[in-house]
Structure formats: structure tokens, C-alpha cells
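Working notes, structure below.
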């Protein structure tokens, strides 16, 4: 008999991360990782009060000891043998749109530290749990899903601090897909190409219809769909954009 | 009130096309297009006897008058105002793996005639029906989906007659996605990267587990998933491959 | 001793084709292919009167018998054993920027006939001569170079009739590069991404500096450079654009 | 009158970096950056004794103060107003081919620190000098060239520590090309796809002809060619591989 599998979501801000966590919480206990408690507490409360199970752990994905500590807490909560059905990497560093020669070093390196090194730490921490999920014959292939952006495939002027990390993360996801697919773990990369419809973007694109923004619930459905694909039909990459988007 | 919408599938051989048609037949009357009646008759019979509705029409997608004739027959059957919920282009010409200097002209041009020109004819014939589907407020955004292959993104030695048509078809799908997305039609391209598990490939990859081949039912699920994406979250392209595939 | 090698240029309009022909004419006798004599005659005259050697042959690259006839004439002129140092495919069909549903069938198919099928005929006709160039120990590796465009890698709305042929041609060039590189023929694809500075574009981009357009002589230098790369260092693809171009 | 412009090469190991430095030293005084004096001293001596001018500076590109110190030394040597005609980033971190779960954190981060952060520091340090080169009306557009690899466009299993940095560097180069092209600086990325023929690879690919490896002198010629392209015809990316390479 398989023990209960969990889902882990890193980067649970108010948009994609929260929606994805809610979606996966309908099936799995979810672990919410964010740097600050205020990012995960309301969501954990919401999920727990709706009959799901969620715990939050303050974690800086850019810091390996912080990520190791999170894994330790997960094991304390769910047992040393806990397996994962899904691990979602949705974290992003604080990049800046800026003329390159005015870009501070710390903005460049911290963006890279979250996207690239954070992706590395998160993958090294969760893949052993996902492989446990394979052993424990999870219903759906255990899934490691990375959130990408337009800047994952296109590197525009003034956007070097964002694109470098995102390209690195996409490279990581492709290498992992090739290594861990044959071991039964489904690694995917999602190119989110457009503005997501969240509180922060409320004032953006005024005059455009509501459908001009990506729905976070729609994105969560797409992540869930990727998760349910059988081992015969794995998708590495999908792009997502509003129908009216110019691209 | 919206009238009944249909799904149209071109290229209903024994693999992807048939599975996709069965999947969409659970919701829509389906029109099966193939050059020869023996390709669609057993499938039409099967769908009709299972409570669905299917008609087959002998059609050469490479020939514009044949495609126009198919549209005429569709209108005779379903009414002049018929709208489409989905149109799936799954046809492929008879390419040949061959040293380039030994490749006969007619192999090259007939492959191109099906993949590229056939894709053009099929799109021009079905887009007006898909736009009718938009007007008639179809439940899911009307979808035009093209079947691609590894050779749609990689053009290997000896494969020029296959890759040229497939790259052209991918270009067509991208241009149409950009033009018709804003009009409410969801245009997608699916990169099928691996061997599909059908009768014809039964003897291939002996010694490998069954999971080393793509499941046609899995592919059909993926097409259906693309079809059900809302206008806020359109995917243009997904790749599909067995977990154990090397790529 | 090696006999004299020739260069063959298909599509010698007033821009890239003519400049490339002039450049290669400084080293090789050149064969100019175009549908109409008025496209090659002034250029042939110019080259011949400047001490070079050029002949023009009326050729429709979309028509295999026309291309075979051109090869026949080349052999009559230069001998049955003639080898080629370079073959440049610079032809383009008459596409149209158009809403897809208003695009006439003949525009779509004729664009494809030149770019894709024309590329096929030209390659089948010239590769045997290029392989002769290898045998005859040409100074530089015999080169087959295809002219691409922005639309070779990006398929925009309303541009389906151009992009399909250009993507097909790019696929052809990649497959040929992989097959014939090991045989000593250098196959390249050039993505010309911008407006070329020729008579026809004189009125375009008014108010922009002259440097906002690609120089045809510059393009010719790039083709020549590709031609001179040694077998240890072949480039398949380069992109070319004005420094000020937005991309 | 323009003052003398320099070329700066980071990463002058025994292969590409040294060849590129030799090539550019024929025209410009060159600055050789490497972590250890033994990497640049013999080369500096060789260039100086052959009538060129070279200075070496011990520099860790991953460390911003080390890079700033190098710029300081360059100004002491060549004057505060010194402009650069070329800056070549050829450094690579010490990656490891390894199962992902056995990859040490420091290998991952140090590879990234050189390729991505090193690329950032080098670009921020040299772009002001390259822009000075533009002001001083350099004969050829000042050029910032990055050395990429197969792993810059393809991220294979077990290669995550190399590919992440290389993809990030490619993203950086694309963003800079778009920002600084319009300012007259030519930014390029070279995908070196194959084994380079140097001392270290002498025992590799035994039984293959010498031409199966990339010539470092050939690569240097390609960099020089990119450098000489006029502002009307900039190439962002070229790939380089031996004619016999499988790809």
C-alpha cells in the first residue's frame, strides 16, 4: 500500500503559485514554501479550513541550508519515507528592467540565485521525494514542474537580469527531463507568455477585455493536466497565452 | 440557441487519427476524412454503433476541389450554417528515408502536397466553420489542431522529404495561431516525438517495455485537453514523448 | 590538376542575388539563373565587361525540366565534367501579405513551389557538381548556400504564404548540411533579418539613416566568408541584420 | 584622430582563447585575462616577441572587484580614455558531467558564477570601453563576442551544471545585442559545436581524421570575421562544427 503522497510548491505568491497550490490541495497535502510567512499563511489557512491540508515553511530557495531545513521539516511532518506526487517551482528573483550599464550587480546575481541556483536546490531536495513517489506507485507520474516566462525563450533589451535566470532554469528543466523521465518522474517547463490576472496587475492593460490576461486558475489546470499525463505521453514544454495576445 | 457543432478529423488512419476521432465523438458528431473509404468506414461504423455519430467522406487534402467537395457534403449533412468545435489535421504524405540524390521528385512533392498544401486547404475549409463555432458560443473555444512530429523541429540527414512538409505545416500553424487566436479560434501544433503504439509498429522496439511507445489514446486526451483550454490560456505547442525516450 | 570550377546563382534580381554573383564572379565563372532574361542579362553583361565570365540561363526553379535543361546548358558551356565551387539559392516565390481566408490557392502553392520545391530541384541539380568540386580539390569547400529571411524562423499573422516555403527551405538546408557536410560540401542557411537596401526599397523607412538597411554587398561578403570556411569549421546558419534593427 | 584601440580576451587557455588573442593581436594591443599567470604569460611573451603588444592581468571574472581591478590596470596601461575594438568572453567554469543528485552545489554554482555572472561582470566592464571605441570611430564596429557551446542550445542529461551557465550566457548576449547594436557595438554569440583540436583533446576521437576536430585558428578567423562585419550587416549568432560532425 502506498503511503500518502504530498505536493510541494515553491513561490506561493498571490498568483500562479497560490492557484496551483489550491488545485493540487484538492488531491494531496501541500507544502507551501515562501520566504516570508505572510506569503503562505493566509493560503495555508484557507486550504486547511476548506478541508484540505497545507503547511507552510519559510524557505529561501537560493540558500541550500534553508532548503535542506525545509526538507527536514517536511519529514518531521509527513514521515521520513514521505514521497512526493508533485513539486512545483514557481519562485522568481527580483529582477529589474534596466539599461544594462545601470543594472546593479546584486540585482543580477539575486535574480540568478533564485531562478537558477534556487531551481537547483529545489530539484535536488525534491527529486528524492519524487523518486519515492515512483516507488510508491503514485497514481500519476510524480511531476517536477517549472514556471517559465516569455523571457525563458526570448531575451529582450533591458531584461538581462530576468532572462539569464529564466534561460538557465529552462536548461535545468530540459536536462532533468532527459535524466529523470526514464526513471518515471515527469519534468515539465511552462512558458507563461502574457500578463497574469492578479491583484498586482489589476491596473495593467486598461481598456482591454478581462480575457486579455492569463487566468491563474487556468494555469493551475494546465499544471494539473501535465501532472496527469501517463508515462507514455510526457510533455516537456507548453506555452500559455491569452487568445488575444500578440506574439 | 447554438446549433449542434461538429468535429472534423483529416487523416484517420489506425493510430492518432482514429483515437482522436473516438475521443471527440463522445461529445460531437464527427466527420472523418481520408483518401480511401477503407480508412474511415470501420471507424464510422464503430462510432455510430456506440451511440455516437460519424460520417466519412473520401477526401484528398492535397486537392482543393476534393476538400471543397467535402465541405459541400458536410453542409448537406449538417446544414449550411453548421459550425465546428474542432478541426484536426492529422494527414501525412508518403515520404521516404533516402539519400537526397536518390529521392524521386514525386516523393518530395507529394509529401509537401499533403503536409503543406493539404494543411492550407484543410485550414481554409474549416476555419469558416470554426469561426461559426465562435459565433454560436461553443462551450470550448473552437480548435484547429495540427499533428507534428520530431521532424517538425529537427531536420535530419535523409529525411528531407518528411521534414520540409512538417516544418511548413508548423509555420502554417504558428501564423494561424497568431491570426485566429484573437478571433477566438485556438490553433495548436503537437510535436509527437516517438513511436506510436499501433498495429504497424508492433514489431518495432522489441525488447522495450510497452511504455516505450506513445499511446494513441493518450495523444487523443492531449488533443482534447488543448481543446478545452479557455481563451485566457491557449497553448500553441506541446511536445509528447514516452518517459523513456532519448531526446 | 583541377579544371575550372564554377559558381551558380539562382534568383539574380537586383539585390542579394546580383551582389552575390558579382562577388563570386571575381573568382569563378558564374552561371546566372532567373526566369526572365531581363533579370540576368544586364548583370551578365556587366560581369563579362569587367573581366569576369558570366552566362545567364532562363530557368524556372519550380520546374524540374527547366532546371535539368539549365544543367544541360551548363555542361555544354563548361564541359561534362564541370565541378561547382558554389551554388547559391536566392529565389523566392511571389507570396502575399493577406488575411488567411483571402489568400488565393495559387499564391500559396506558387510560393511553396519556388521556395521548397525550387530548393529541392536546385539542390538535386547542383549537388552532383559540388561533389565534383570536392573530387577536384577545390581551394575552398564547395558551398551550397540558401537565402532565408526573418520568416524562416518566425511565422507571423498574414504571412503564411511566405513562411511555409521559407521554413521548408530551412528544413531542407539543415537536412542537406547533415548529409553532405561529411562528404565535403558546406551547406549553409542565411537568415536575412531586415530590409535590404535596393532600388525597390528606396522609399521604405524614410527618415531612418542609410545604415538601417542591410547592404547587399555586405550580404555578398558574408556568403563569400561562409564559402571560405575550412572543413574543420563549417557554419550552418548565420543571421544578418542592421545594427539598429529591433528584434 | 582616434587613439589606439585595444582588444580584451577573457579566458585565454590553450585553445580558442589563445588563438583569438593571437589573431586580434595582429591589429590591436591585446589584454589577456585569466585567473592564473601561467595561463597568459607564455602567450603574452609570444605575442610581444612577435612584434605585437600584449599584457596579462590575473583576473577572476566571477568576482566583480577582480574585474574592476583589471579595468583599472588597463587604464593605467593604456590611458583613462582607452577605447576597445573588441572584447571576447571565452571563460568557462569547471562543470562536471554527473548524475544530478550527485552534483555538488559548489560545482553547479561555480560554473554559473563564471558563465553567467562572469559574463555580466565582463560585459559591464568592457561595454564602456567598446562605446568609447564607437566614439573614437573605430575602423570596425567594436565587438563583444561570447563563446558558446553545443550545451548553449541543448541541455542534455547529466550536463545541467554546464548547460545552465551556457544558456544564461546566451540570454545575456541576446539581450546585449538588442540593446547595444543600435549604439554601434556588435554583440555576437558563437555556438562551438564539436571538439576543438588542442593538446588536451589529442587523445580524443582516435581513428578519426584530423578534420574531425575544430581548428582553433579557424575559430579565431570566424571571430575576426564577425568583428569586421559593418553596421549594416551584424550577425548575432553563428554555429561552428567540423564538416564530419554528426548533429
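A, B, C and D are the chain letters, set down in written order, and residue numbers restart from 1 in every chain.
As a convention for this text, a residue touches a chain if its C-beta (ideal position, glycine included) is under 8 Å from a C-beta of that chain, and two chains touch if they have at least 3 such contacts.
Keep in mind it's a predicted model, so treat the numbers as computed, not measured.
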Chains shared as neighbours by chain A and chain D? none
How many links in the shortest chain of touching chains run from chain A to chain C? 2
Relative orientation of copies chain B and chain D, as a Cα rotation angle in degrees, nearest 5: 180
Note, CA centroid farthest from chain B's centroid sits on chain D
Taking each chain's centre as the mean of its CA atoms, chain B sits from chain D at a distance in Å of 46
Hey, how far is the Cα centre of chain B from the one of chain C, in Å? 34
Which parts of chain D, given as residue numbers and ranges, touch two or more other chains? 178
Report the topology of the inter-chain touch graph, choosing from line, ring, star, complete and other. ring
Kindly provide every pair of chains that touch. A-B, A-D, B-C, C-D
In the complex, go through chain C and note every residue touching chain D. 141, 178, 181-182, 184, 186, 197, 211, 213-215, 218-219, 221-222, 225, 229-247
Applying the document's contact rule, which stretches of chain A touch chain D when the two form their complex? 64, 99-101, 103, 105, 108-109, 112, 116-117, 120-121, 123-124, 127-128, 151, 154-160, 163-172, 174-176, 178-180
